[in-house]
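In what follows, chain A forms one complex with chain B and a second complex with chain C.
Up next, the complex of A and B:
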């Protein structure tokens, strides 16, 4: 057991180191220059460009050799300092993330969890049930195959403009300032609903179809046939099938939760909802090394953490893994 | 033992999950509610935090619709700085300069005149001394008086810190001193750049000395300056990821001079896409949208939205889109080729198709309509160009460009093939459509040009490093002087990196001398300026170092459901209907003052 986790930990640390190094390198390989992008976004008739360029390069620590920038990067990372965003200068990256990511968490976590739970239940239920498979499964296919952008725009247009019962922009009414009142909380939920539902629909469709296919596969497996021939009830067989089929779904769920820090770009654009996805896109377009690094750092941590959790969860939910490990350890 | 460790690891995981849940409460993060207990523990170590928490009492929780103006189109990201000296990110807090911080002068692009703002009057007492008299009774929003000391202090900052954009002014300025409480005297060396100085008079935001004197260099040059204290008509109220809110300064000194702006609150909304802004205007949730909305012409015709002009181009012109040609490369180094290209480009299609009539074709001189006084019609009539494919073909043939291999495209006089690319940043859809038309119309005339859309960063690198063939650029802001445009077009000396102009590296000492001479003409000497600008235009139209194509519009469409009194072509004294950063002192603020609430039935 100890050896198992020790080895895992080592692999995780190594992966982290490599991934963060690549994370540091990639924005620097892109053509372009963050300081010059930042300065040219102003239209001041500036004769001071050269001086300002040097000044800001120094502010961002970009005036030292690349190897030194790399060392400085690790040094400040260990101090918990992710640098200052150039796109949202002079906001520290940590603050950009702290302000934007919660919006994504509020959207994505419930959408993914509810979608996962309902999708799996429904998929398992629908598999091999003729009439459901013929009616609702195609709906799932349509939902997952629909370009999400289009679905979102359709929802916003129909419920937001034609029927007009939902707002089309913002995290809460533009006429309100945050306060602890029912009105404000209601407004937050009202604005949250459409983006949430659009994500939920797509999540639900994806998980349901995945589960349906997995269950069918499991029902065809030898152990199911064997159970059947022993005269076990359908319910029992299905339960066994579900337990096996849910394993890859758990992996998928954990990975999805791991990349939440990447945000929900399309949702944010379509519903004009705040979040990190849009900012990350802007950061990439503006060569904002620090914001890109910061976002991906958390994505890396998220994915590694998700994997780690999966490793542990498998021990719990999959007796085969557990037994294999016990055997190995003893 | 093993069992125990399994249980333990499960516990760890579960507690981590719980931690994740509790540290990340959903819903509202960006704007910490002005909770009661917060001020107690807050002020320890967080100078960068949201300046939201202290005056919990008088922060309104709701902005009544009939007192609030909703605008969009300036901010494209969350607000990050309120430092009026900071370039770049200020667009996301449009109004920091204009609402909060004010200038000595304003500029009226419709009449071409500098109008006194904080200044009451200003005059050159001799060629090298400029004296400004401030108005009486100017105050900062914290109640302190705004005096000549503040003005002198502000200009002096540029002398102290060269990282401030206006510091180059001190190459020709000697001093800025407060002679009395209301009089500031600027003295100059014997070589003042009058044009730049006049431009700076309405672009340098005056800051309060009693607050800024204690700031460190870092705070002044790169600090975020949260809780800005200015002298202007509005004050900072709050901000969140998708909005900035400003509240009227009811003690504004200018109410007696200019009037009181009608909206008590201004909510500047960041929309993530233009179509969302359009939807909001149509729903009446947004009063003024300064987003570029393709197809708005049709909506204006049907009366869904209002625009400045009733017919094409619907929008005022804001800046000139110029096709820069890299004159260090063949065949763009040949004036004959450049001129032929100028005739080959189908500008009418750019206007009518790429922009659906929302822009106007540029005068060949590139000067905005507001600077038409400086465009020499005689020169334009004689040397100007317009779209004419046949003429382009003729000019190409005359200059020795003929199709040798029969592929439909001309070869250079030395027989080498011509394959060129015209670029603009990816995602700038209107420009992408425009360069497609540039490429296809040039191909019509026999010049092999393809369009290409690199990412912004890559485009910017090519632009400044001079590795492009031809590309679009519009970095000369609307201005009181044609020098602003020429400073972009003919920036010199030519260096490895051309960061703020003359990207095509057109090298002509004659032109450079003329631009330098123009910079030294006093800003009120219109005839002196005209004499030089017509020489510049003559050279420009003969040599065609770059090709001005069309005027980008000051995108602006509004709904009159809550506010009326918007400026349009019929207004007696039209102002600019825009909220873009840098336009408040060009009449944007006067627009707010002229607004009237729609009476509620």
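Up next, the complex of A and C:
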């Protein structure tokens, strides 16, 4: 177990290191120069250009050797300093992002947990049961193939505009100020519901399909046949099959996290929900590079943390990892 | 003689498999539309052809027009082309890289495997989209080609992992030992002894990569980092949301692109399950 954990930790540290390096490298080595880009956009006259250029290079710390820029980048990162947002000037990027993160957590955590649980349950029911399989499986395939934003657009358009029972923008009513009143909390939930459901539905489809297919494999496995020949009840065999099929689904959750987060980003864009996804769109449209880089780092850190939690969960659920038999699979 | 019989059997089960046939039919339908669709319209996807602005579908504009009076049908069929190109080549590239890394890691083992494994795990944990995002954000001009290259180079890890595991179990079989004894080079063993034994698996992997690439491209386009010089289904959805198609009720702007992506990706997934049943006798429903 120690070996398994050590390896995982090493991978995460390496990943984080690599991610920060990418975050530092790309703006510096991509074609085009951010400072001159910025200056051309504000069209300063040619005399002032050089002075301004030097000034901004100094402000952004671009006038020291490359290796020192890299070290400075790490140093400021550990101070929690990710630069100043130009789009929301003069708010620091860290502050902008910390304000957005709660909305992401509120959307993602329930959608992932409920979607995973419900999908697995329904998928297990659907396997080898004629009429459930004929209803849940096609629905699951359609849902999991749906692009997140399209389902969001459909829900927002139909329930928000045509039927008109849900708001389609913001995290709470624009007429309310944040407070701890029932009215405000109700408004928050009202705004949260549609983005949550649209994320949940896509998730549900994927897990249901995955579970259905895994159970079918398990029911065809030798141990199931053996149990059957011993006269075990169907329920018992299915329970064993489920326990075995749930393990790959946990690994699958870790693998799919990136996709789910991407889904949340675009869902937020559809509903103008003020999480990181919505910020990102604003940052891209306003060419706020510090904010883009900050979003990138926050997403990576979030996904790494979630992966780590899933690893711990896996050790709890799968007895083999505890006995140190998983060296190969890490 | 025996091989021929096995092939006949596969074809027999393939034609009896409803899932495979439905999936294939949907894909072919959209593929044909993507190929001949652009020839059916004279309007450029970005031209402002209708001075009245957003108009519902009519005999002149089959899918209606956008807020700016652009022909939605023209955007749709051109976007469909982009979707197939990104899916086929982006997904293809992802499959190829995954296969190569998986083969080498699985066959070689030892230190090479360790290094490739760490690399795979790192790329596996990094959310692909975040990396694509930051690269795309700094590129001023983006094309469908750059998009598919990015997608291919970030989508391979799960494939590499799966292929590695398969190679691992195949490389200890007798026929591989025999090939080694006869002095075959490792690369030839991989391509003449190991690869043919997982041909069906490779096909399934490619189909999943195909669908995945389409969805990633749609996400990138939607968030504003799609091609700057072309139209795509994801871009159509982005434009429709930015210009208030939901609020204005111009549903013909956002329904076709999403519906097409859902249908294509869903058909690919269903095809995948159908093929799995054809190749794996245990899964066939009697």
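Quick notes on this structure:
We adopt the following convention: the second predicted complex is superposed on the first by the 218 of 330 C-alpha atoms of A that agree within 3 Å, B and C clash if a C-alpha of one lies under 4 Å from a C-alpha of the other, contacts with A are read in each partner's own complex, and residues count from 1 in each chain.
Throughout what follows, a contact is a pair of C-beta atoms (placed from the backbone, for glycine too) under 8 Å apart; a residue touches a chain by one contact, two chains touch by 3 or more.
Here the structure is a predicted model, which is why all the values come from computation and not from measurement.
Of the two partners chain B and chain C, more residues of chain A are touched by B.
Applying the stated contact rule after C-alpha superposition, one finds that A:9 touches neither chain B nor chain C. With both structures placed on the common chain, the touch criterion links A:139 to neither chain B nor chain C. Touch criterion not met for A:236: it reaches neither chain B nor chain C. Of the two partner chains, both chain B and chain C are touched by A:269.
In the superposition on chain A, A:90 makes contact with chain B only, not with chain C.
After overlaying the two complexes on the shared chain, residue contacts for A:171 are found with chain B alone; chain C is out of touch.
Once the two complexes are overlaid on the shared chain, A:71 sits clear of chain B and of chain C alike.
In the superposition on chain A, A:160 makes contact with both chain B and chain C. In the superposed model, A:55 makes contact with chain B only, not with chain C.
According to the touch criterion, the shared surface of chain A, contacted by chain B in one complex and chain C in the other, consists of residues 30-32, 153, 156-157, 160-161, 168, 269-270, 285.
By the touch criterion stated above, chain A contacts chain C in their complex at residues 10-12, 14-15, 18-19, 22-23, 26-27, 30-32, 141-142, 144-151, 153-154, 156-157, 160-162, 168, 209, 213, 216-217, 220, 255, 257-259, 261-263, 265-266, 269-270, 277, 280-281, 284-285, 289, 292-293, 295-296, 299-300, 303-304, 307. Taken together, the chain B residues at the contact with chain A in this complex read 2, 5-6, 9-10, 13, 16, 24-35, 48, 59-65, 68, 70, 76-78, 80-81, 86-92, 162-168, 196, 199, 203, 221-224, 238, 240-243, 245, 267, 269-273, 275-276, 279-280, 282-283, 285, 319, 427, 454-458, 460-461, 464, 475-477, 479, 484, 487-488, 499-500, 582. Residues 118, 121-122, 124-131, 133-135, 137-140, 158, 211, 215-216, 218-219, 222-225, 234, 237, 240-241, 246-247, 249, 251, 254-255, 257-259, 261-266, 268-270, 273, 282-283 of chain C are the ones touching chain A in the complex.
The touching residues of chain A, when paired with chain B in their complex, are 1-2, 5, 30-33, 36-53, 55-56, 59, 85, 87-92, 95-96, 98-103, 105-106, 109-110, 153, 156-157, 160-161, 164, 167-172, 174-181, 183-185, 188, 192, 268-275, 278-279, 282, 285-287, 305, 309, 312-313, 315-316, 322, 326, 329-330.
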